[in-house]
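Common to both upcoming complexes is chain A, partnered first by chain B, then by chain C.
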Partner chain A sequence: MHITVKLFATFRVGRFAAQAREYPEGTRIADVVRDLHIREAEIGTIMLNNRHAEPDQQLNDGDNLSIFPLVGGG
Partner chain B sequence: MDKILRVDMSALSTRIETVPAAWAGLGGRGLTSTIVAAEVPPTCHPLGANNKLVFAPGLLTGTPAANSGRLSAGAKSPLTGTIKESNAGGTAAQMLARLGIKALIIEGLPEADKWYSLHVSKDGVTIQEETELVGKGNFAVIEAVEARLGKKTGVLTIGPAGELKMTAANISVKDPDSKIRSHGRGGLGAVMGSKKIKFISIDDQGAPGVKIADPEKFKTAARTFAKALLDHPVSGEGLPTYGTNVLVNILNEAGGLPTRNFSTGQFAGAEKICGETMHDTIVARGGKPKHGCHAGCIIQCSQVYPDKEGKYKTSGFEYETIWGFGADCCIDDLDDIAEADNVMDDLGIDSIETAVMFAVAMEAGVLPFGDGKGVIRLLREEIGKGTPLGRILGNGAGSVGNAYGITRVPVVKNQGIPAYDPRSVKGIGITYATSTMGADHTAGYTIATNILNVGGYVDPLKKEGQVELSRNLQIATAAVDSTGMCIFIAFPALDIPECLPALIDMINARFGIALTGEDVTNLGKYVLKTERQFNIGAGFTNKHDRLPEFFYTEPVAPHNAVWDFTDEEIDEYWNF
Partner chain C sequence: MEQLHAFLRDHATADLLPWPAQTAAAQRFGTPLALVEEAALGLGLLPARYQRNRQAITVDQQLTLFQSRVAVIGCGGLGGYVIEELARLGVGTIIAIDPDVFEEHNLNRQLLSSPANLGQAKVAAAAARVAEINPAVTLVPIQASYAPDNGGELLRDARLVVDALDSIPTRLALAQTCAELEVPLVHGAIGGWYGQVTTQFPGDDTIQRLYSRWVEGKGVEQHLGNPSFTPALVASVEVAEACKILLGLGKTLRHRKLFINLLDMEFEEVKFVRHLVPVDE
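Moving on to the complex of A and B:
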């Protein structure tokens, strides 16, 4: 299935900003995180289709997945 | 011995006062709000003789505590009609604290149609007539004051916007590089302009410095505190690398990035203006991605943004400014936004109010959405010159909405709503509605917990937990704003258990007292209630603690969210 993966801030370094990627049915967010060699402990926020999400959530074809380290400002 | 400096612009006289016992334990916002509430009639005209402009460094300012160099400015706001505290970095706060000046109170109005400057030194404060710098921009003022009095002189100044008493005018503070930080919100520049003070210079030669009652205890606590700031990923890595502008992408992904005058929640041009792009642009042009707004800042969220030739363009280039001109005005050119930021620094006008205002002006057809060059032209030619149109624009979003009959005007208590849509980030809506300051994200920054997973997580799209979250953060913020600390210490304080106790230990070691966490919470409550009492006296009721009607009736994409709190639910905020 097609998943659009977007990375932000330091997660882009040595990886990418946005990419359309292929994953098998049943893939969970945590599987994508592992595939990208991101340590779960470094993750601040995950958003799946503009909603906050957890690593154990399953993905569906056409999903937009955004992964952020802990960031802040204001 | 700490002292109060009082300047009477009606009599053109000054005096040094001892600090009343009731004020001794206060600093920063706690002190400015206490003084304004005690001495300013709440129904006075903000630009009249009865308003007072108060500056106060925080409780820890002038000590070696990291990030403690913020200055509070307070008065009755000409923009909101409420009490106002606006705090800023720069060099002035630490100089005032080292001089033992607990507060500088400026009252009255001069009779003659003349401009003045104030000079603060170890001997007190003096008033001089000023002619040369009247009408000049802030950069020219700083340059001239340094030429007259020396490079190290501290400067608080107003630009043309303040001289023209525009309600979006700010007070600019010289930073360590002779550039500008701002007491941005609430039109305090107009209050300074009404008192005919073009600038205040500060000379801290011979200053007694800040005495610390228990230096050993202070040193230990300061070390723990600084370690927490450096260890937390937000204050230790994210902010110094990408600045506050790192937020463009996360708010855009969350659908909470107000776009096209708050008509939708995502901006197609986000990638062009985001913190990641800004960082790469700064590095490629040889600028500085990290920079502190005051000596002793170890977070370094500021930056120096150069133009295409590598020359200084702006600094302190913040998310809210970039969001406002970017997403809200649909300008996807970071260089145009940087130019506008530089012009606003020079004119001395709040970059949040002005950005929100321009989006309303675009909706009104004054200029097209996305017209970055038009914004720069209107800033220089209309606002900067005080033309009739410039005065309408320079009085903020509400003023433009009134002048052009626009109903989608994002303001609370007439102050522009910043960078987070309250329909899709509901906690911040409670802060906008209930803050004693008018719409102010910094008053209770629920974005931390609604969006960033700092201090836990409260779902931004649901109502549950938002009132309590906003209340707790507003209480904590009012206390932190009294210490002279940068508000970004809240990120580690929310997550790292040693951080807040270390902050309290530093206050205790500085004054030789024994405050508990509960005392600090009570300080925050006291500050909020004091400010609210002033606002009630000025005629504000719970009916003013509401968001504009369009937030209730216009769903915002992508979540099709509306603002759906009842009046009773909002009013529950004040139940403490």
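Moving on to the complex of A and C:
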């Protein structure tokens, strides 16, 4: 299935800003995160189709997935 | 009081009260400038310094802002701009909380820092700045770390709390304290070219969800540092949220996170839907 993955801030370094990617049926958000070699502890927000999502959620064909890193400075 | 009111009416130009009249009233009646300002606003007279607020904020709303008490947690990159803007906006009482003194590495971005005040408490610099730019505003400097065990005391009577912290675990604790005190919290965080803002009301858990995967340490700011423009922008968004909450205006970032990417000039909004209560089967 086609998943459009958007990465934000430092997650783009050595990866990409946005990419249409192919994943098998039943893929969860956590699988994509692992596939991209992103450590889960570095993730701030996950957005699936404009809404906040959790790593255990399953993806569907045509989904838009965005991954943001933790930001904590002041 | 009657005499003060008569004096203010006599010295107003239309419905504007010029600053020299405000200071003359304070001197003549031996009254703090803050009380003169509150009396003027109560009479429908707008201190002339706020005249450019007027298309956005009415005299009544200006009085509401003046009678508001807002706590700012952290007086560094975000906090310096937040305090400056709240004071110029006319928020009457600002509680500024920060344990630190200025250091040289603060000079690239922290509004209240200067070579002359290195080594000085950040909250003392905040008090001096507010006294200089808007003497009718009271800044309560508290040189201490916010912590869960003193949070109730530090934030007592605050109508609103603005997060200008630089630590994720302290933010999570602050969100908890604000929930217990039933005070709205405006969250802002920065790192490099990036920043985020959300607004949390009692009972919400957006901030807890933003940091639900945090284990230890800092976010992207650890490696990216903080340039001058990111805190200025994020602080401004936080103050706009604060203003709207105090006045009950517009639409806030409640249940939404605004993610700001100044490197590619992208502004993304993430919606946080409320958790649905599962139905027993």
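Operating definition for what follows: the second predicted complex is superposed on the first by the 71 of 74 C-alpha atoms of A that agree within 3 Å, B and C clash if a C-alpha of one lies under 4 Å from a C-alpha of the other, contacts with A are read in each partner's own complex, and residues count from 1 in each chain.
We take it that contacts are C-beta pairs under 8 Å (C-beta built on N, C-alpha and C of every residue); 3 or more make two chains touch, one makes a residue touch a chain.
Remember, it's a predicted structure, so these values are computed and weren't measured experimentally.
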Original post:
After lining up the shared chain so the two structures overlap, which partner does A:A41 touch, if you call chain B first and chain C second: first, second, both or neither?
Top reply: second
**OP:** Share the list of chain A residues that count as touching for chain B in one structure and for chain C in the other.
**Re:** 8-10, 17, 44-45, 47, 50-52, 66, 68-74
**OP:** Can you check the complex and tell me which residues of chain A touch chain B?
**Re:** 6, 8-10, 12, 17, 42, 44-45, 47, 50-52, 66, 68-74
Subject >> Residues of chain A defined as touching chain C within the complex >> reply: 8-10, 17, 40-41, 43-45, 47, 50-52, 66, 68-74
Subject >> List of chain B residues in touch with chain A within their complex >> reply: 232-235, 237-239, 241-247, 249-250, 253-255, 271, 275-276, 301, 318-320, 441-442, 445, 447-448, 451-454, 457, 459-461, 487-488, 491, 558-559
Subject >> chain C residues touching chain A - in the complex, by the definition given at the top >> reply: 74, 76-79, 163-168, 171, 188-196, 209-211, 213-216, 218-221, 223-224, 226, 231, 257, 259, 261, 264, 268-273
